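Got a structure here, written out as structure tokens. Questions coming.
Chain naming follows the written order as A, B and C, and within any one chain the residues start at number 1.
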């Protein structure tokens, strides 16, 4: 909106006089036009959801999955230019695989976020490439079990010097949710949203009070909430049809056993029904309230 | 494209691959292994009408030392393939990690319909083994792949450090090839045609009998073993099985070696 | 049409977050002649209208067989399509060699999507100027994917790209419910009728300017068997055209060899 076209925006890596990289800011515009995606982190797991706008009736329903798995324990959903998203996810998979080869174990979610952030940032440094036109939400679960080493054959002596101490109270593992922007900047979140409907989604996420230590949202509740929030966020693109896609990762003794998986069909349908119902409920309330008041959106 | 002078005339990385910088290092050590260090002994496999039974003991020997006694030499690959490794244990671990990265990659395909079955894995492993032997840097293993093939029929095949492959209703590696195969073959008088007459119980009994014989006669074996039954419903893996009904009663009559009687 | 500062290369975003070079590449697809694809539970059909440069020249090949279970139809720069289809042939062969199984369609489509995307993010390369309809059969059944110069690949139930393809897409949307359970012949009929919708006013589908390809799953002795990629071109397509496409000269005795003009 300000100082567009003043010559500092034609090349990547160029600083404008007020210290901005315009190409990165334009990349953010591409994200803002994309379908909404959100992530919710709870003590019991992480849920990722996205709004897939149906651009053609000829698309095969249930195919074209937007949320991708990285290794086994992490998932990434992107909003914006989808081919760029695939490129980033491909790199994330390579990073996870390379970590496994070096350290013989799964990559911790924070390390993966750091690698992805670094890669995205590298594409803002050179004029021979352009920035990524996506924001990626990364959700994962670090295992709370004592990780062995990949391919280990035995468990060592059960007594004596090399034996294990039963009383070790080491708090391992836990959920991770990160959002990486086209500039390479990333933060850890309890609730993250990006894409067209992100304002509405962020407002809803804040209502859930996820950051509070007393938040008692179960994983199933998080799934229901995620569906509802996507439906709310979709109001911004009401004129188009959309498909809801959701994935989740739970603790080792939860429904997914630490793996990133699609939310099962029955739960997905249940969440969608509840979401639609609550939206209708809201509409009824709004109609009752307004008496010549301006509509909120 | 890199247009700077230092790159003029440089062949494209995406066409010719990146430079192999190892040529610039004058003294890189040769790292071709030609002898195994820690080894596992035989692996046995038998087909039956609904699937395959495969077994291996839990010992990793360091030469003549029975070094590690809780080594699991049967490795599963989802959904229903079991691979049993004999030979060098570190090479077994390498192959296990390779298969794990293959499994992770398969899961990246969005739908749960694509499956690498036992036959595909056997093809893949045999090519890996052959390539390594052609580089004079073999993976010192003899392995059995047990599972189902493209038509959901029982599949059992072997591959070894030379890249040689076999397929048969009964197979065994190491000492088992000499001691156990004749016993297992008694189940299969008509080769493949006998498979449909063999029940799961018959196959498991035969394998258990052979594991006992191997413990009696293979000096590098153990009486704890793992056994897996693979059918189209999945893998039933029992680790830490102990050999039963061992007959050592003759031992107290032994006096010295051979013909010594006092 | 566009002409602005931000359309010189594919590494420049416009202030609205668009990449004009990619959008221009998509225009190249719209200049190519129309191709249509439809998929049912058992078959996938590709069909295309071919063009010739002048009266006496040959018609541009629009459908390429990549493997027994894979084929592509192109619209746009045919030379770019050649590069992509050659790559697909190599990858498909490599998968067969390594695992003994045909490459899953989604995997090969993602590979070309990533290659195309790379051309839109690095300086010195231009986006591919071709759109592809990739048809293939694997463990999960028949698939149809649309590939565009941006690198976006999507699985479709039916698709049409190229000049005047909107008319074909309208036909496909209208009959969408019928495709899944169509028989082999019905599916071919739908494809040809959809293709016909996109023809210019005075043009007809003839043996010279139409080609069709079909891949499917069949059954043999209770086992799934692949119906290999088969291309119908030239005289081979005559019976299909006769059966399915009403000609304005329907009573013509030798309705086969129609004159074409462009």
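We adopt the following convention: a residue touches a chain if its C-beta (ideal position, glycine included) is under 8 Å from a C-beta of that chain, and two chains touch if they have at least 3 such contacts.
The UniProt protein names, listed by chain, are A, C = Proteasome subunit alpha type; B = Proteasome subunit beta.
Note that the structure is a prediction, hence the values are computed from the model and not measured.
Engineer: Which chain would you call central, comparing Cα centres to the global Cα centre?
Structural biologist: Chain closest to the assembly's C-alpha mean: A.
Engineer: Taking each chain's centre as the mean of its CA atoms, which one is most distant from chain A?
Structural biologist: Between chain A and the rest, the longest centre separation is with B.
Engineer: How many angstrom lie between the centres of chain A and chain B, each centre taken as the mean Cα position?
Structural biologist: 40
Engineer: Report, in whole Å, the distance between the mean C-alpha point of chain B and the mean C-alpha point of chain C.
Structural biologist: Roughly 45 Å, centre to centre.
Engineer: Just how far, in Å, is the C-alpha centre of chain C from the one of chain A?
Structural biologist: Those two chain centres are 34 Å apart.
Engineer: Listing for chain A: what residues touch at least two other chains?
Structural biologist: 63, 128
Engineer: What parts of chain B, by residue number, touch at least two of the other chains?
Structural biologist: Residues 1, 110-111.
Engineer: Counting only residues that touch at least two other chains, what does the list for chain C look like?
Structural biologist: In chain C, residues 123-124 touch at least two other chains, as defined above.
Engineer: Enumerate the contact residues on chain A facing chain B in the complex.
Structural biologist: 63, 65, 68-69, 71-72, 93, 97, 100-101, 104, 128, 150-155
Engineer: Note which residues of chain C are touching chain B in the complex, please.
Structural biologist: 97-101, 104, 106-107, 123-125, 138-140, 223
Engineer: Which positions of chain B touch chain C when the two form their complex?
Structural biologist: The contact residues of chain B facing chain C are 1, 109-111, 113-116, 119-121, 123-124, 127, 150-151.
Engineer: Okay, in this complex, where on chain A does chain C touch?
Structural biologist: 4-5, 9-12, 22-23, 26-33, 56-60, 63-64, 81-84, 86-87, 90, 123, 127-133
Engineer: Flag every residue of chain B that touches chain A in the complex, lowest number first.
Structural biologist: 1, 60, 68-73, 89, 92-94, 96-97, 100-101, 104, 107-108, 110-111
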